[in-house]
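First chain A sits with chain B, and in the next complex the same chain sits with chain C.
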Partner chain A sequence: MDCRVKPGNDVPQCVWRNMKHDTFIRHLLLIVAPLIAAFAILPGVYDNHLLLFNFVIFLILAQGVNIIYGFTGYLPFGYVGFFGAGAYGFAIMVMHFQTPAPLAVLVAGVVGVLLGLLLTPLLRLSGAYFAIANLAAALAVLHFVANPALESITKGPYGVALNGTFNPTLAYVGAVIILALTLGIVVFLRNSSFGMALQAVREDAVSAAMAGVNVVKMRVIAWLASALVAGLAGGVFAWYVSVFYPDNVFSSDFSIFAIVFALFGGVATIMGPIVGVVILYGIYNLIGFTTPQYFQLIYGVLIMALVLFLPAGLVSLATRRGWNVP
Partner chain B sequence: MLAYPLIAGVLFGLYFSLLGIGLNLVFGVMRIVNLAHGDFLMLGAFVAFGVFYLLGLDPLLAVPLAFVLFVIVGIVLYGLLVPRLQQSRDPEMLSIILFFGLSQVIEALVTIAFGTSERSIPSRELGSLMTAAAKALGAKPEGGPVDILGQSFPAAWVISAVVSVIAIGLVYVYLYRTRLGTLTRAVMSRRDEAFATGINVDRVCAAAFGIGLGLAAIAGVFAPFMFGSVTPAFGADATVTAFVIVVLGSLGNPLGTALGGVVYGICYMLVQTFLSSWADLLPYVLLILVLLLRPSGLLGRKVRVA
Partner chain C sequence: MSPDAKPILTVNGLVKRFGGFHALDGLSFHVSSGEILGLVGPNGSGKTTAINVISGLYAPDGGTLTYDGASIGGMASHKLVHRGINRTFQIPKPFLSLTVRQNVEVALAYGRAEVAPPALSDLLEQYHLAELADRPAADLNSSQQKMLDLVRALATRPRLLLLDELAAGLNPTELDWIAGHIKALAQSGLAIIVVEHLMGFIEQITDRVIVMNAGKEIFEGTLAVAVKVPQVIEVFLGGEHGA
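Entry: the complex of A and B
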């Protein structure tokens, strides 16, 4: 929305523009391009490729949470369900159909979307009910996949080993491409009437519907977009690690980390989740606790402090001063 | 064949009601999702371990101790966390994250203090005081399994079920027969109107929060007997189970939670008996089905549809 006061007219003339093309391009050039370039160059300079890969995965997941939580207000507490389903979609394609890895990653994305479609009725629930139902859904998918009765298809709880497609370099490239796609979606949401409408729905669904917004359709699209990126991320994760167990790819740490990173930076922005991942995941790896309990303790305290003292994220420090944060 | 899982299901179900009722109270009154509910259960189990292993007493004595202790803990925690949380833009969502953080802190502290090993208490020790008292009075001691309709069940299950029924009954009396309980129900149905009529909402909520945690701790005392053993990581699963039960019943209605618990308990036992490899899936599938088909719960009003 673009509002100006014309000379000789007290009432601001508001022009609803379909897309803010100038800021859209600027965000792509100033935020997305440098970030993607950095992750393209870093493997040549920095040796810990696994760490870089994990950074990319968490950037994708945090932005995926941003798409659904930041723009629609639905907290996906079982977000890892899509990630794990994507990883197993990849594994099943490779194990049973000998699909080439890049194609299997696309299938992983489709699996994520299909699971999202299956779970669209959950969007009827509000508030905490949605979050809990989503958590239950993710755990249900985990127990389904890990069921020994399905060993012939998913290998049950014994995990999968995909030696044929093992290629960390290409998988890393795939992850960076998915990150670019995800950031593209967020930049679009941030600069389009579509994203504006979503935020209007988040604030007040009834008023938004009165203003002509198709509430259900928009929520479903955001939900499926968020499921798509998580499914793709799961597929590329399976490609990269090639050996994993259900508990690895359905670990609730993925959901929690993605949500906390996104919140720490600040949702409904492009920069927020990026800043959140870089700072928090950076600290996580710098400290590198040898005893997990101390890490868990510090992390728990950090999460509580975040909610109590900075509920709108780091970007709120800037927006409070009236600065515009992309 | 069917009698055993059905009766065991009812016994477990009554216990499951106790497991859920504290969560129901907290969510119903404050719209706060206490994701650390299961961790308070786990702490209750550790109170029982303390009473039994350190003091050498009947673990049943841990029930009043755990209740009083965690009512106080709850009131203190309420003062520290909730008013600040309520100021934020989206307290219901942020409460999930806040209490997730709290559950991490509790789990980490307990792990640091006691290690990750599984702990249990021999089943016959529960109620040993009553047995001893009965012996002293010359009555026939009631140790060992209890017979119900020709099937025998561990005495610990029966004691847990009986204590659960008493606790739920007391919650009912609190909500429907005391002044503070009436105020609590007022806050439950309309927070802003209750505030406008001059009810001290903060005090009512603090009491409900304390009682909620106290009930969780009582349920925790029996957890080592019902689940075999307890580890510091026990909390997360217990929270989800408690949620299923609360949602199955309905919000703010202790009888609903009792019904939800029994339905869940019977389903659980039937699946365990006839389809054991799928038993893990049950709580989650049941939760989603209930949320989608009958979002207000078995005895509920319409409240949850977006």
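Entry: the complex of A and C
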């Protein structure tokens, strides 16, 4: 394509089509690399590995919500559907095909994408209607998996026990790799014209089309990327815990927490969901350990305060002052 | 200036129904490169619907749209944009949370302009948005948002530009200024269709007008002639003035 620098213009036109390479690299080096390094080192110095694993899972899910909600405006109240489907995709591969765990995690991602494809018609809905339909879809998947008639395939409501693949150390490594992948996707969205076009679609789909953006295609890609990371997270979660019931991996807590964490920090940024998970999930565990009797109260007040005073998330404290938050 | 003989867009018997209501009921007209065509008519006569069908927002229910020798009826908006059709909106529709610059960057990146698109800085400068380039579009006032709509359209390098009430709400100085810009665009070879209620503005910039009523054209020619046609007077002012 034409990459000439036109007179009076400071940059070649083709730059806008491509990545903003300098900030892309900077975000990878200054945000993604330290975070991944921290979660690689922490198990050596901190004994509660389950807690660390849960942090990684919620970082993945909050960023997954960020991809679909932050960049396209679809609020996925049934986000856990992809997670649970991924967990059962993993379990079925391990139980029936004796698949090695890392491969089964990849299959879990594929299962997430396939469920996403099946649910693409939901993208015709908007706002609360999409959220409700997505919630219903997640419940439908739960009851499909938990159906006693499918006991020979999914073990139905009786839960699965995957003793053969039990290996929390490797599963943790897998989770950190998936987190790196997820953050990579978000950094790409944040620094590419693709991510900017997605935000344009979120703001006004008609105008985005008049800017030449293929609105349907963009929405589907973001939706499937979001489904992929949740499916992978579900797979690695199944690997880590190895014994679970449908109600565990389809618990609406996953959707709600991921959404609240992402919104608390601020969506459509890289930092927002990370800050949201670290602070809110940190407080969640802190209160849980120290004063569990006040847990619901404190947590509820905190979230209400956020919605009332910082509807655009913590990062809006900075963006309001005109600072650019990566 | 004299328009090319061969029209870039030919609208023939266009029909658009909403339920039982015929918003367009057999509309026919054409526009050529370098020409500014005015679409005028009372409220509800189908002007904006015509723009919406030509720009792909609605699929037509009948008739043909021929652009650059190809039939484009029912084609998706973004494909029409890639072929060189763009528009502005009566109520401007910028990407509110993106900066002014980003608003235009999206169009530069995805517009697939066949020729190199105009430089971003030049466009912002020409339409008085350069100072606001790094502000969110939500901070702009309504006439600035209209200019941003126009700049976003121009960034895709259109050959047919549809302007839906661009002038409404502009002050007289701004009107003269934008009229100059629109004429210059036509002189550079764009075909421009202008939907407008301000007759002075229409008179100032158009080569030809189509007067619409109830979804079809009732007059084609210059505005100066149109205002003397009884049928046109009747639809604008009511029956008793037409005699």
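Worth a mention:
Heads up, the rule we're going with is that the second predicted complex is superposed on the first by the 299 of 326 C-alpha atoms of A that agree within 3 Å, B and C clash if a C-alpha of one lies under 4 Å from a C-alpha of the other, contacts with A are read in each partner's own complex, and residues count from 1 in each chain.
Keep this in mind: contacts are C-beta pairs under 8 Å (C-beta built on N, C-alpha and C of every residue); 3 or more make two chains touch, one makes a residue touch a chain.
A quick note: this is a predicted structure, and the numbers were derived from the prediction, not measured.
Contacts of A:204 after superposition: chain C is touched, whereas chain B is not reached. By the touch criterion defined above, A:213 reaches chain C but does not reach chain B. After superposition on the shared chain, chain A has more residues touched by B, the comparison being chain B against chain C.
When both complexes are overlaid on chain A, the residue A:124 reaches chain B alone and has no touch with chain C. In the overlay built on the shared chain, the residue A:152 is in contact with neither chain B nor chain C. Contacts of A:140 after superposition: chain B is touched, whereas chain C is not reached.
In the superposed model, A:196 makes contact with chain C only, not with chain B.
Residue overlap on chain A between the chain B contacts of one complex and the chain C contacts of the other is empty.
Across the interface of their complex, chain A is touched by residues 55-57, 76-78, 81-82, 86-87, 89, 93-98, 102-103, 105-112, 116-117, 119-122, 149, 152-153, 155-156 of chain C.
Residues 2, 4, 6-10, 13, 16-17, 193, 196-197, 199-200, 203-204, 206-215 of chain A touch chain C in their complex. Chain A meets chain B in the complex at residues 69, 73, 75, 77, 121-133, 135-137, 139-140, 143-144, 147-149, 205, 252, 256, 259-260, 263, 293-294, 296-297, 299-304, 306-308, 311-312. Touching chain A in their complex are the following residues of chain B: 27, 31, 33, 81, 84-85, 88-90, 92-98, 100-109, 111-112, 236, 240, 243-244, 247, 277-278, 280-281, 283-285, 287-288, 291-292, 295, 304-306.
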